[in-house]
Structure formats: C-alpha cells, structure tokens
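Provided herewith is a single structure, encoded as structure tokens, for subsequent inquiry.
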Amino acid sequence: MTESRPPVVSAVEETADRIASMEVRGAAAIADAAAAALAEQATADADSPAAFRAGMRSAARVLYETRPTAVSLPNSLRYVLRGVEGTTVAELRTASIDRAERFRSELERAQERLGRVGSNRLRDGDVVMTHCHSTDALACVKAAVGDGKSIEAIVKETRPRNQGHITARELRELDVPVTLIVDNAARRYLKDVDHVLVGADSIAADGSVINKIGTSGLAVNARERGVPVTVAAQTIKLHPDTMTGHAVEIEMRSETEVLTPEDRAEIVDDGDRELTVENPAFDITPPRHVDAIVTERGQFPPESIVVLMRELFGETIDEPWSA
Amino acid sequence: MTESRPPVVSAVEETADRIASMEVRGAAAIADAAAAALAEQATADADSPAAFRAGMRSAARVLYETRPTAVSLPNSLRYVLRGVEGTTVAELRTASIDRAERFRSELERAQERLGRVGSNRLRDGDVVMTHCHSTDALACVKAAVGDGKSIEAIVKETRPRNQGHITARELRELDVPVTLIVDNAARRYLKDVDHVLVGADSIAADGSVINKIGTSGLAVNARERGVPVTVAAQTIKLHPDTMTGHAVEIEMRSETEVLTPEDRAEIVDDGDRELTVENPAFDITPPRHVDAIVTERGQFPPESIVVLMRELFGETIDEPWSA
Amino acid sequence: MTESRPPVVSAVEETADRIASMEVRGAAAIADAAAAALAEQATADADSPAAFRAGMRSAARVLYETRPTAVSLPNSLRYVLRGVEGTTVAELRTASIDRAERFRSELERAQERLGRVGSNRLRDGDVVMTHCHSTDALACVKAAVGDGKSIEAIVKETRPRNQGHITARELRELDVPVTLIVDNAARRYLKDVDHVLVGADSIAADGSVINKIGTSGLAVNARERGVPVTVAAQTIKLHPDTMTGHAVEIEMRSETEVLTPEDRAEIVDDGDRELTVENPAFDITPPRHVDAIVTERGQFPPESIVVLMRELFGETIDEPWSA
Amino acid sequence: MTESRPPVVSAVEETADRIASMEVRGAAAIADAAAAALAEQATADADSPAAFRAGMRSAARVLYETRPTAVSLPNSLRYVLRGVEGTTVAELRTASIDRAERFRSELERAQERLGRVGSNRLRDGDVVMTHCHSTDALACVKAAVGDGKSIEAIVKETRPRNQGHITARELRELDVPVTLIVDNAARRYLKDVDHVLVGADSIAADGSVINKIGTSGLAVNARERGVPVTVAAQTIKLHPDTMTGHAVEIEMRSETEVLTPEDRAEIVDDGDRELTVENPAFDITPPRHVDAIVTERGQFPPESIVVLMRELFGETIDEPWSA
Amino acid sequence: MTESRPPVVSAVEETADRIASMEVRGAAAIADAAAAALAEQATADADSPAAFRAGMRSAARVLYETRPTAVSLPNSLRYVLRGVEGTTVAELRTASIDRAERFRSELERAQERLGRVGSNRLRDGDVVMTHCHSTDALACVKAAVGDGKSIEAIVKETRPRNQGHITARELRELDVPVTLIVDNAARRYLKDVDHVLVGADSIAADGSVINKIGTSGLAVNARERGVPVTVAAQTIKLHPDTMTGHAVEIEMRSETEVLTPEDRAEIVDDGDRELTVENPAFDITPPRHVDAIVTERGQFPPESIVVLMRELFGETIDEPWSA
Amino acid sequence: MTESRPPVVSAVEETADRIASMEVRGAAAIADAAAAALAEQATADADSPAAFRAGMRSAARVLYETRPTAVSLPNSLRYVLRGVEGTTVAELRTASIDRAERFRSELERAQERLGRVGSNRLRDGDVVMTHCHSTDALACVKAAVGDGKSIEAIVKETRPRNQGHITARELRELDVPVTLIVDNAARRYLKDVDHVLVGADSIAADGSVINKIGTSGLAVNARERGVPVTVAAQTIKLHPDTMTGHAVEIEMRSETEVLTPEDRAEIVDDGDRELTVENPAFDITPPRHVDAIVTERGQFPPESIVVLMRELFGETIDEPWSA
C-alpha cells in the first residue's frame, strides 16, 4: 500500500483530472476515456515486462481513485488489464493497445446491439411502462419501432427530478404514443402494460438491480400484477466490486430536489430542523422481481449475470491495481 | 321512476343546493347537513303515515341526487330513514327527528373515538408511514401521542397534490418527528416502519379500500416487506352502493396537477395532443393487502367490514329513496 | 334417535319420493319443493303446539333424508322451521305457511336479483373468463348486457363434460362474443381477462367455494396474474353443515366420462385394471383465491359469508330435525 | 373514575382474591368463577334498579382488576352484564342470575361441542401436526377418534417448556400414533401433514391468533407448503379489548426456561451480562396464515371472528365497568 | 445478404428437402440429419480455407431456412460450425467431420444420460405428475424404475390431443401404476404428488420453458402446493435465438382439435363465425415456477441455463450463417 | 467395476483409514488430507502415463469410498485429478503434486477470503440472526468486526444439539452483543434483523442449500418478513454428485438427542414403541428463499452456483474414479 507507485504518463493524469472534475461524465464516456488513457500509458517506455505491468497498474490505480464509485471505471480498467498476455515489453504494449481499442470499439456498438436484443423481447402492439430516463431502455424501443412494431408507452414522471419528462419527449420523437402519469398511479395502469422496461445505474453480482429510486417498488407491483420486468443495461453497468460482496453505495441527494424553501416554511417554522427530508437517488431491486437483464451480449436472468461478470472481469478478490 | 314526487320543505332544497354547489363539502359536513335537512322535512305536515314516509323518501331523493358519488350522503340518508318505526305521523316524526339527532351526535364524536381505537394499535416507539392527508389517520397518532407514546412518522409527499406537506405540518404540530420522502422512496424506508397508516376515501363491501392514488402500490410493498397496513376510516366512509356490487367511480382530475404548460411545451410541440396525461384521484387496494380498518365502532379486518355495513344500512338491494 | 316419528302428510311423502328419485332436481327446484311440502304438512291436524312442531320436524326429517348431501334441501327446511313463532296451533300453522311462501317467493326472485348485483361488478368492455356452466354466473352477464354494457367472454370447455359448450351457446344467445378454449389454455388468456366469473355447487362456512373440478386451479392462476375472481351463488348454495366443520363430500363420477372403452383398450390390454381413472366432480377453492361472492343478498368477501349463513340458518350445532 | 364504588358482597371479594392469587387459574376456571361471583352479587340488596346495576358494575370492576390481561375474565363479565334487561330490582336480579347460570352451563359444554366441530374438519386417515399443548385442539382429535376416524399426529416438542410431551402423552392415551420432532424439523414433515392443528391463548378482533411462541412461524411454513391451519379456541379466548384496537400484551418469561446457569457459564464468563436471553411466551399469527378458527359456536374464517365477538360482547368502546 | 451463395453438395439439398417436407421430423432426428449433411458438405472440394468456410456457411443457411422455428436445427448447425479450427482445407475438413460425428454420437447417448440424471432426482416411492408426452421425461422414470425404484404416476390427459394417453400406455409398459385424470383435476391431486415432471418443446435464455399448453398453469399450482417442478430437456431443446431476446413463436393449431363440427353446430347456428376457437399449442412457464431443468449435461436451475447455452453456442448476436 | 485396481501407496491407505474412522473429520480437514494423500500417490513409481493415471484413479477410489457422503472428499479428489496435463510420467507427477499443493494452499486461505466477501455484505450497525454454528458464517462477522463495523447477533439455540451456544460464545469473544432465543421465537425477532446468516453442510447444483435442520423454515419466514438470507459456504461444500441430479442424503440421528429416557417414560409406558422420534440432522432450503451464497470465490445467487461447480469440477456425468 505504501509502495511508491511508478509515475504515469501525463495523458493519464489529464484524463484522471477530467474524470475527477466531472468534465467527463456518464458511464460510457468515463469508461471510454479510461481505456484511452491506458492505451496512452502503454506507449510509455518500460525497462522490462515487470516494469511495464507496474506502470499499467499504476495508471489504473490513478484513474480508479478519481471516482471509486463509478461502476464503469473499474470495468474499463479490468477489461484492458486482464486480457494482456506476452513475454516482451513490445508484445505487452501491442496487446494492451489492442485490448483498449477493442474495448472502445465494442463500447461504441454496445447500445445499438443491446437495443436489438431488447427489441426482440417486444411484440407488435405492446405497451411498456418506463421509470426515469435510460438511453439503454430507449434503445430497445427505438429498435422495435425501427423493426416496424407499434409500441405504446406509459411514462412515470419519476419524482423528484422528473426525468420521465425527458423519456416522454424522446419517445414522442420516435412517434411512440405516450401517457404520462405520476409515480403513484403506476399500479393502476399496470394492468394495461405488457412490459415494465427500465435501465440500471448498476447491476450487482447477487442479481440485484440498482436503479433510480422507485424502481424496486414498481417491480414488486409488476410481479403482483403478473407483468414482466425487463432491465436494459450495457455490461459496463455490471459492478465488479459486488462480486466480492461489496454493496453499492446509494447517493443521498439534496433536500431541495424534494422541497422548495417555501414548502419547508409552510410545513415548519423557520429554523426548526426537526423536519428531515431524505432523498436517496437509487434503490435496489432484488433479482426475484426482475425477469431479464438485456445487455449487448444478450439477455440474462438476473441470477446468472454474475457469470457474465466473471467472464468479463475474472475473479475480483484481488483488484489488479491494488497489489 | 316517473311518479310525481311529493314536494319537500325548503330547508331540504336549500341544503341540496349547498351540497350541489360544494358550499358544503367533506364527508362529515355533507352527512351532517343531510341528516339535519331530513329532520327539517320531518317537521312538515303530512296527512298520513304513508304521506309522511313518501315525503321523507322524496327529500332523501332530492338530497341524494345532488352528489350521487359522495359516499357519506347515502349513508346519512339510509341511517335516518332506516331506524324509523311508528304507526302515526306523530310517532314517525319524533322517531325521524330522534334518528337524525342521534346520527349527528354520533358523527360529532366519531373521529375522536376512532382515534382512540387506532391509538391502541400503536406502541410506544413506533414509526408510521403515511400517504396523503387524512384527519382520521392523524386522529390515531394524536391519540397515541396524547397517551404518552413516542411516535415517529415517515411522510410520503403524495404527488400530484403534495397533501403529505399538510400531514407533515400537522404531525409537527403534535411534536412528532417527521421524515419527508418522495413517493418513489417508500419501499426503501418500509424496513424502518412499524405501520403503514392511511385514511380512506371510501370502503367497499368486498373489503376494498378506495383511497388517494398510490395507496394500493404502497400496500403491496408493505405486504412484501412484512409491514402491517392500517386504514383509519369513520363508518360514513363505508360505501352502501358497493353492497350491491357497484364499483366506486374513480374521479379523473386535471392534467395541470401533473404537468405545467411549460413542462408540456418542453415535451411536445404546441398543439400535439398525442401526449396524454392521466390523473386518477384514487386507486383501489384489495382487502388482502390491508390488515385492519379502524373505525369509531372498533377495528375490523377488511373482509368483515360488510357485516358492519349490513348492520348500519341493512340490505341495500332496494334503495329506500328509489321506489 | 329411536323415537317413533309422527306420521307425515302424503304430500310430504310424495315430494320426498320425487326428490329421492331425482324427478325433482337442481338446487332451486329441490328447495322449492321441500318448502311447499312443509307448507302442506302445516295444514295437517295437530292436537297441540308440541304435536304440530313434532309433525313439522318429522316432515323435515323425511325430506332431509332423501338426499342428505343436497345443499339447498337443509337450507329450505331450516329457513321454514326457524322463523316460526306462536303459542297456538293456528298461529304456528299460519306462521309456517307464511314462512314457506316467503321462502318460495324469495327463491323465485333470487337469480334475477343476484344478476343485478353481479352486473354491477362488471364494467362496459370487460372480458370475463368462465368455467363450467352456471345460471347464476350467466345471470350476471345477462344483467350487464341488459344494462347496455359490452361484455366479451373466454369460455373454458370444462372437461370432462364440456359444460362450457352450454355456456358458450347461452352467451351467444345474449350476443356476447365468445372465444372457446381448452382448459389447459386458461393461463395464457388470463392476461386479457378482467374477471374470472364462476358459479358454485356450494359454499362452505370457512369461505371455501365448492365448484366444478378445475375451479381452484383457475383461481390460483387468476390470483398469480392479478385477475379478480367472482363467484355467483344464490344463498341456497350456502352449506349449513359446514358451519359445524363438516366437509362437503366430493362426488366421484364414472370413468367413462374421461375415457372411452376404445381409449382404455389402446392404453392397456383388456382386463388390466392397473390403469385407474379418477374423476372427481368438484374441487375446493380456498377463500384467499376468491375476491367476492355475489348473492341475491348482495356481495360478500368469502371470509364473511359465514355471517350470512348464521343470519339465515342460526347456529347449526343442533339440527332442528335431529332432536 | 374517582367515584366511590358501591361495596360488593364478600363472595365477590373472595373470588377476586382467589383469582388474584392464581388459586383459580386457567381460562375456563377463571371465567366460571367470575360468573358465579356476579350471580352472588345479584343476590345482594339494592334500593333501586340503578343501585342494583351500580353494584353489579362495581363487582365486575373488582373482579376485572385482579388480572386485567386474562382474556376470559372480561368475557365472562361482559356476557353476564350485557344480557340483563328489566325494570325492577327483582327482574334484574333474576335476569342476572339466569344470565350467569347460562354462561356457566354453556362453558361446561363448550369444549365438547368445539371438539365435535373440529372433528368434522378431520378425515379418516389424516395426519395432524400440533404445537404446544391445547385441550381444545386435543378435543378435536378425541372427537374424531371417537367417530372412528384413524388419525396420526406429528408433535412438535415446543421449546422451551416442551409442552409437546404432554400432547404426545395425551394423544397416546387416545391410541393416536405419535411422531415427536424438534421444532426445527417442522417444515421437513409438513409435506406429510394434512392439517396443522393448534389452540390459542387468545384471538384478536383483527383475526390474529395469539398462541405459544412458534405458532406464527409454523403457520407461515404451512401456508408455503399448502397445508391448512386450524385453530381450536373456545369463545372465552376471544379478546374483547382487541375490538378497540388494543394489542394483547406478550408475557416475557424467565431466562432459566431457555438456559441453565451451567449453559450460561459455558457461553460467557460469570458476571458478563452482555448475553441477553429473550423468552417471549407467545407470538401473533396474522389471519392470512390461518384457515379456520374452530369454536363451540361453529367454525369461522379468522377474518370474521370479530362478528362473533360483537355478537357476544357488543361494542366495547365503553367498558361496562369503567363508567 | 444479396451475396451469391456458394453452391452446396446434393446431399445437403436432399436433407433440406426431407426436413422441409417433414419427412424428417422430431427434434433429435432433424438435428442428426443436419449434422450429417454438414459432414457431407465438408467432403466437397474447396480452393481455400475461406472457400471451405463459405461452403459450410452456405450449407448451414440452406438447412436453416427449411424450418427456421425448429429449435434443434440451429443448435446442430452452430455446434458443428463453431468447433472448427484449422489453417488448411484438409484440417478444416477433418475438424468439421469430427465435429459433426461428435455431435451425432453425443445426441445418440443424450436421452439415456438425461434419464440417469433425472432418475437421481426421484426417490423410491415417489409419485410424479405428468403433462403431455415427453420421451425425455419418460427416460427419467424409466431409469428410476431400472434402478429398482418404485414410482407411481398421475397422468393428465392433456387436452386437446390427449397425449397423456400415450404417456399412460408407455408408463404401464414400464409397470408404473398410472392414475389418469382430466387436466382440470390436477390441483386436487397435487397434494399426493412428489414431483411434477414434464418435457419441453424448447427452453429460452431467460429461463422460460416453452411446453405443451397447460404446463404453465400446472407449474403455478405446483408452486402454490409446494410441489417441485422438474423439466426434462436435452440440450438440443435450448433455443439459441432466445439468447438475443427473440421470443419463441407459439403455433396456433386447428379449431377441429378442440371442437367437432357437430359441437360447433350445437353451440351456434351455421355460418355464425362469432364463435372463435383459440388453440395455442404451447405456453410459457417463467423460471420462478420451475425447480430444475434436467439435461444430458446435468441438472440446472432454469435461471442458469443461459450459461450452458453460451457454452454450447457462443454468443449469437451474429448468426454464423447470416454473414 | 470388477477390474483389479492398481495398488496404492501406504500413505493413501493410512489416510483412508483415518478418514473412515473419523479420526480426520470436518469438511476442510478431510479435503486437505485427501489432497495430501493424492500427492503422495503421485510420487509412486509408474511404468507409463496410463499406469500413473490408473494409480491416481485407484487412490482416489480408495479415498472416496471411505465416506461417500462427505461432500468435501470428492471435491478434493476431482480438483486434483482434473487439472493434470502432461505426456510423460514425470510431467504428470509434477502436475499432480502442484495441483494438490494448490488445492491445499487455497483451502488454507479460503475461509479468511470468504469472510472478507461476507463482511462486505454487512453494514455498520447490522443485526444478524444465526442458526446452528458455522465457522464460515462466523468468519464473515469476524471480518466485519475487524473492519470496525458494529454488528449485533440474535442467536437461535438450534435444538436438538444447541450449537447456538457455541455460536453465542464465539460471537461474545468477538465482543458482538448476543441475544439468545429459542428456535420458536425466530419469526418474532426477524423484524429487528437485517440479515439471516447461516452456513451450509453442502450446496446442491439446483441451488438448494443443505444445512442444519431448521434452516429452511427460518428462510421461509425471512422471505415472508423481507429479510435477506445469506449462506456462507466455502466451495468445498459444493456437492458435485448433485450436478447429476443426486439428492444429498439426510442423516437421521439418535432419538436420545431429542428425548431423554426419562422424558420417554413420562410420555409412554415402558416398552411401548408406538412413540416414534424422528431426528433428521439437516433440511433443504430451495434457492428461491436464499439471497446469496458467499464463497471464497465471491458471492453468487444460489441459482448460478452450478456454474461455479462446473468450473471447479467439470461435468460429472462420469466420475473420474469410476471408470
């Protein structure tokens, strides 16, 4: 832990800064930038294969530590570091760069591929219910519409931030008829719904889906109504830390998303802090309430997603950058 | 149906107008006014017992037709008409006035009595989760606090109209610590909750609870988490029409409660009507997701509330005012 | 038990014979005939009120023993015997005859009243799924159609006797669009169904519904799909013996309803009796899988039907005719 | 509350002492003694009907306060006080004594009647699983055996006090084959079981069954395995306080039932009090996990037992002895 | 897509014809014939490895297009094409032929191996319930009987085509005692059943089991009764298209399987087409109602069958014959 | 089967004796000894690779047959035999020894690694409920405490052998506050519990968990209360035989663990054998009631543990030592 880490190339430092400052944001963008930075690091001089590997690990560590809770970051790092074989520095270099390129090019095509898989689950005439806004989920609807299927949507507004409005707009741009409802109305409309279709913030190795607050309550109701729940999530959403039992930390957000100062003032006298507002960003849906996870690598029951994680990341007991 | 109805006294007409115009509103106020009007009608001249009864039925009909979906209105009418025995006009008059008075005086004490019953279900240290705003539910907490119990509350804001804010304020006035959450966060906090405690718009003979939209989804989640659900509802909320299978009609409310014009404009171009907003005011919770209904007459499993309805209203196959 | 029973009038004997020989059959016809026979018995001479009562009990016993498992028979007998008050033979006679008449006239109107209640549970545009053939269930659809509601039906053929064909024909006569399916296809079509609507052979005090074999499996699937189950049953189907815990005996019917001799010969060599065919006529649906029982006295959750039974029959620990 | 209570006859005082000192114990014995004491009180001189009633109420209060948590005590008191009508002291006296006598004579026959009802739920060849020791539950098996049915029993030992041993012995005396198991083995044997058959400490108005710790866990498993749960409980076990929402207080018993001092010493060093032992005597089974409650008045779904309570006790908002 | 496909050898054409004409039918026979045809194609001349591969893909395409919904056909093709490595035509030829042979020889032994696995799940004395006719399911019983276990069967007749009769006959030939029931009677007999044992038409990557109509309703009831459900299915039933989200299309069969013309005439007047008969051949059982899938490669929870599919078929985003 | 087995080295014989006599006991100790014995066998002379392999298989068979139901024994044998590649005796020898060493060294670290994974599932402040005594489960708590988390425990005593006392003692040594309860009290305390945390005797390929009797009943209740269930089990607990459908045999233990002779004498007269005591050591929890299995290789949903088994053991249709 206290070993002196080998220095990393400046491109790595710069990328790390841009991730840390949230100049680079979004799961896909972060993953892409990290892979590119590792490819840069691979071009650096190295005296020996061991030195090369040490440099790569060091770069991975620098990048990892910028936002340790961003699920796509360790995914990207692990993918590049894991696939590298070779006995000379040159071989390792080529392998590393190839690996980074392959990751980036797969990433580029992933959403469209995922959309095709998700579209196959939808039939002509289906009604989907959405929660929050997810480009992965929308990619499924887009592909289905592109295949000539007629799809309708019931869109939950998704308090507190009303991302359902964005979903509604984008679905309308696809000419999908939209019915907007408050989150409280979901159960009433579930009987008209063929699929609940949501994205994911991340997926855990125990098959749990971490997604926008309200997803788990919707999934429980969908199960009770006999409506299948499909989660659309690229594999960069699979959370490697969870393979070793780590829980995904749930971000608590600002009270002001829930309550304006005027609202607060109406409820309690100024200065009374005994009104607490809790505003968690995400919740956790257990796998028994989810029917399928759709990725660019095909669809999976949530209980088997850990196998895909092992295939992609290997066992993660010892993090490659934590030696 | 086409029979000419006997004329009714002007006090009945006036009350009918005030109910129709919603000058008189709220389940208890309507029930009280209707009973008072029937007492006025009972003072009118009548040639015979039959004429007296016809006049009373006529008055009931006039009142009933002002707001046929207001649950407490037929309750009040039935209660007064049903208990009247006698062989002379004088006897019938006295009986009717007594009956109306008794109804009104019971109504006055009902909420406080209900609160005592509900309080008994709460233990010192309990955490309740509320949905919407219900004076009946609050009466339970108030009585519990009055009994010296320490109660905490997790209050759902209850979109679209945020009646949770009112609940939060009134709980704070009782010095109950309040945590306010968005509706979507309910499942996450259910594990810290001892009781879900809600009111009711009306209760149906099949044991269903009609209440503010979002109640049924909350109840399904509470059952899945092992949290009991208590519904606080005075007997004027018991819906007699449902004894003969009638469904309670669900009011659809204005889109503007859900979406501001600005929000709509951001989602779709002006004039595009293909964005539908559905805004039902209530939903229906089946009895299997409710543990107890607390009334001023004691607590009941929802499956047996029909027995209380039969006791209060008799069989309702033939409405007293519809012959 | 070994007391010599008072003789009964010949009209009672004749009715008993006609019930025993199944000349009189069907729950309503048996109940009607039994009440009529008791009215005849009431016209017989009697030396004392005690003698009168003994004669009535004796007649009830003779009638009861013709078909002790016919649910409507004890219902009819109990109803007539229970309501009789009086201190002279003349009073008792009048009371008995009145009581019998009242039972018969209520019976005559019961199905139409039940239909009205059941109709109220159906909305315009609803799709119902039926099992077997039940005039009570059809009365609900008929009333709904009469009210101008558009109803569609998915009709299970109901092996082994295909009573679904009768249901299909009668629904077509009401101009209800019918889709006929094999029993195995029920779950697949449940997602398009708003109500499962069935009749009952009898209803037990623990809320169980005894009905044509296949009902319980359908109800379990309906619950899993979120589809409510309505049972239409006149109160003559309420089984008084079950109030004291008696189980309803399930009739085992002939193998030939299931398997033709040719079918059997193809399965096993002649004479091989090791192929057993079991053909129970009914099964038992527990109350937790039923949403409402619709009767001519209104609708009830199955868990509260026992209260209606107590109201109609009193406590049945000691059978009135078994003294 | 601070009114001076009229003095009561010495027989009441003596009975109160014997109940308080637990010389009289057991639900039936307490109920019987209390009714007898009220009959004695009724013989006391009274100047007026009002004075008579005040004396009776006073006696009820004295008796009630001896053991306010004994469920059968208020049952007995309410039963006697409620049924008393009359306009003179003499009439009231006779009515009170009659009422007390009737209560006592019904009590005497109740268990045998209950047994007959419970027996009817059992079929020849059935296997029952028991928990704890209940004379009501055993009365059902005894009646079934008396009816010539062959019954087998799987008996849970029922830690910590092993009352299952008593059940096993009494079942063996009825020649019922017994398999004794530890409580942990219950789920494994449920697949061979036709009925779970238990008694009750008390029954609440919301349909909950309060019974020996372990009952609720058994009932949850029985539901999951598809095995019906029958609770045998005389009506003196119905808990009137629960009609107004009161919870039944759960007795916490001595640690030494769970852990010998030697066991404790092996677990922790002497004097270490950080090992807590919790030993609740009872738990609460919600009605949805119980199929039927068998009483001497017939069988009831747990959700409708409140109706029997109302019939027996009236509404209990205002306790008759607390004015 | 519009590329001109290389010509294929005549043996491939002939096999394609025989599959298309349904001369070759049954999952195993089709798979075997397709592998044999690919082995023939491998013997054809080829100028280069690329040409060889193109010829193989072309043959696969020809075969695939004969019956694109036959699940075993793509399985066979994929298996042979996937395992072929080599740098010369000769190597590729040998590898292809070897691969085809290996597939065919494994196929030959698969059912017997599956039977051994399934037999291990059965204990001496078990009662199984079957639906439809499945040689895979019967292989399990046969192996169990061969191991000396005593097995009994409750056989559902399986309307509309009564394949249960075939199952009954074959079980009788194994000396297994058989009880035949109508499909409607399944729930009643489930309490005597240790295993529901069925085959599969195909298995989807989301763990769903596509099998004869009625399977899913049976599985829901088995879960509710606590009876485990075992599906016996060789790996040729695993449906590769479903890995990319494709739904398995459900064949709708002729009305005449359900209703004779005479039956129809009795229900409706001639020419009235408003009686619809729907006759789907299969339904879909979600994985949560299935306990294990038994294959020749061992047993799997349905949620992990996708992993076996990935092992056998690779990722199927790009079909090998669709380049 | 009747082939003459090659002789094995004396170290193998000795280890076999020590395992058979239970001198070596406990899953980890047996696995370790068996691997060490195979390493010894690998040092024996062999004329050819075939002879070497035959000797190894022979040794495996000798060891396997000592305790064919000990789950860790075949695990160990399979692990060593499977990984061995080579074309000369020398290569095979080195590979075998390496493989055995690797197995042993991984085994040594496994529990600590597992503990780290399990600890990650626990949050600061969590309350766990334990059943029986499991060093794997305790390793999770130990690691959590080591990470500075505050953990409390509710410990079931775990009749009949009270292994909960050992668990309580060891938790107290970790300074974890312990509440000891009887097994019957589990459901009552589940509402205060964040995790049920148990070990396993073995894990089956269908995802079932075989563990101390009482585990399955606890898991069913935990699911009903919404409490997640975590099973801690090293991979040596994965039962390879179950991959081919074999059931894990459940040991029936002595009556005297349940009933002292004095207890028996009190229940029945001497010599009466009609009191049966059944004392199964383990029960089977289906995967749908378990949330995660924690191993030294990470955590897995129970439905995907078969994939880890395939990775570790290969397909087990043909046992390596049974040729």
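By letter and in written order, the chains are A, B, C, D, E and F; residue numbering begins at 1 in each of them.
Here, a contact is a pair of C-beta atoms (placed from the backbone, for glycine too) under 8 Å apart; a residue touches a chain by one contact, two chains touch by 3 or more.
If you're wondering where the values come from, they're calculated on a predicted model, not measured in any experiment.
Trainee: Determine, among D-E, B-D or B-F, the equivalent of interface A-F; equivalence here requires over half of the contact pairs to be the same by residue number.
Mentor: The chain pair with the recurring interface is B-D.
Trainee: Tally the contacting C-beta pairs at the A-E interface and at the A-C interface, and name the larger one.
Mentor: Contact tally favours A-E.
Trainee: Can we say the copies subunit B and subunit F touch using the same residue numbers, with more than half in common, or are the two sides different?
Mentor: Both copies touch with mostly the same residues.
Trainee: Subunit B to subunit E: how many Å between their CA centres?
Mentor: Centres of subunit B and subunit E (C-alpha means) sit 57 Å apart.
Trainee: Rounded to a whole Å, what is the gap between the Cα centroids of subunit E and subunit F?
Mentor: Averaging C-alpha atoms per chain gives centres 36 Å apart.
Trainee: Distance between subunit D and subunit F based on Cα centroids, please, to the nearest Å.
Mentor: 45
Trainee: Give me the residues of subunit A that touch two or more other chains.
Mentor: Expected reply: 224, 288, 301-304, 307.
Trainee: Which pairs of chains touch each other?
Mentor: A-B, A-C, A-E, A-F, B-C, B-D, B-F, C-D, C-E, D-E, D-F, E-F
Trainee: What does subunit C use to touch subunit D in their complex?
Mentor: Going by the criterion above, the answer is residues 205-207, 242-247, 286-288, 301-304, 306-307, 310, 315-317.
Trainee: Where on subunit F does subunit D make contact in their complex?
Mentor: For this pair, the touching residues of subunit F are 157-160, 162, 165, 168-169, 172, 177-189, 212-214, 216-217, 220-221, 224, 258-259, 263, 266-268, 272, 274-280, 283.
Trainee: Enumerate the contact residues on subunit E facing subunit F in the complex.
Mentor: The touching residues are 113, 116-121, 123, 228, 288, 291-292, 294, 296-304, 307.
Trainee: Please give the residue numbers of subunit F that touch subunit B in the complex, ascending.
Mentor: Subunit F reaches subunit B through residues 190-191, 224-226.
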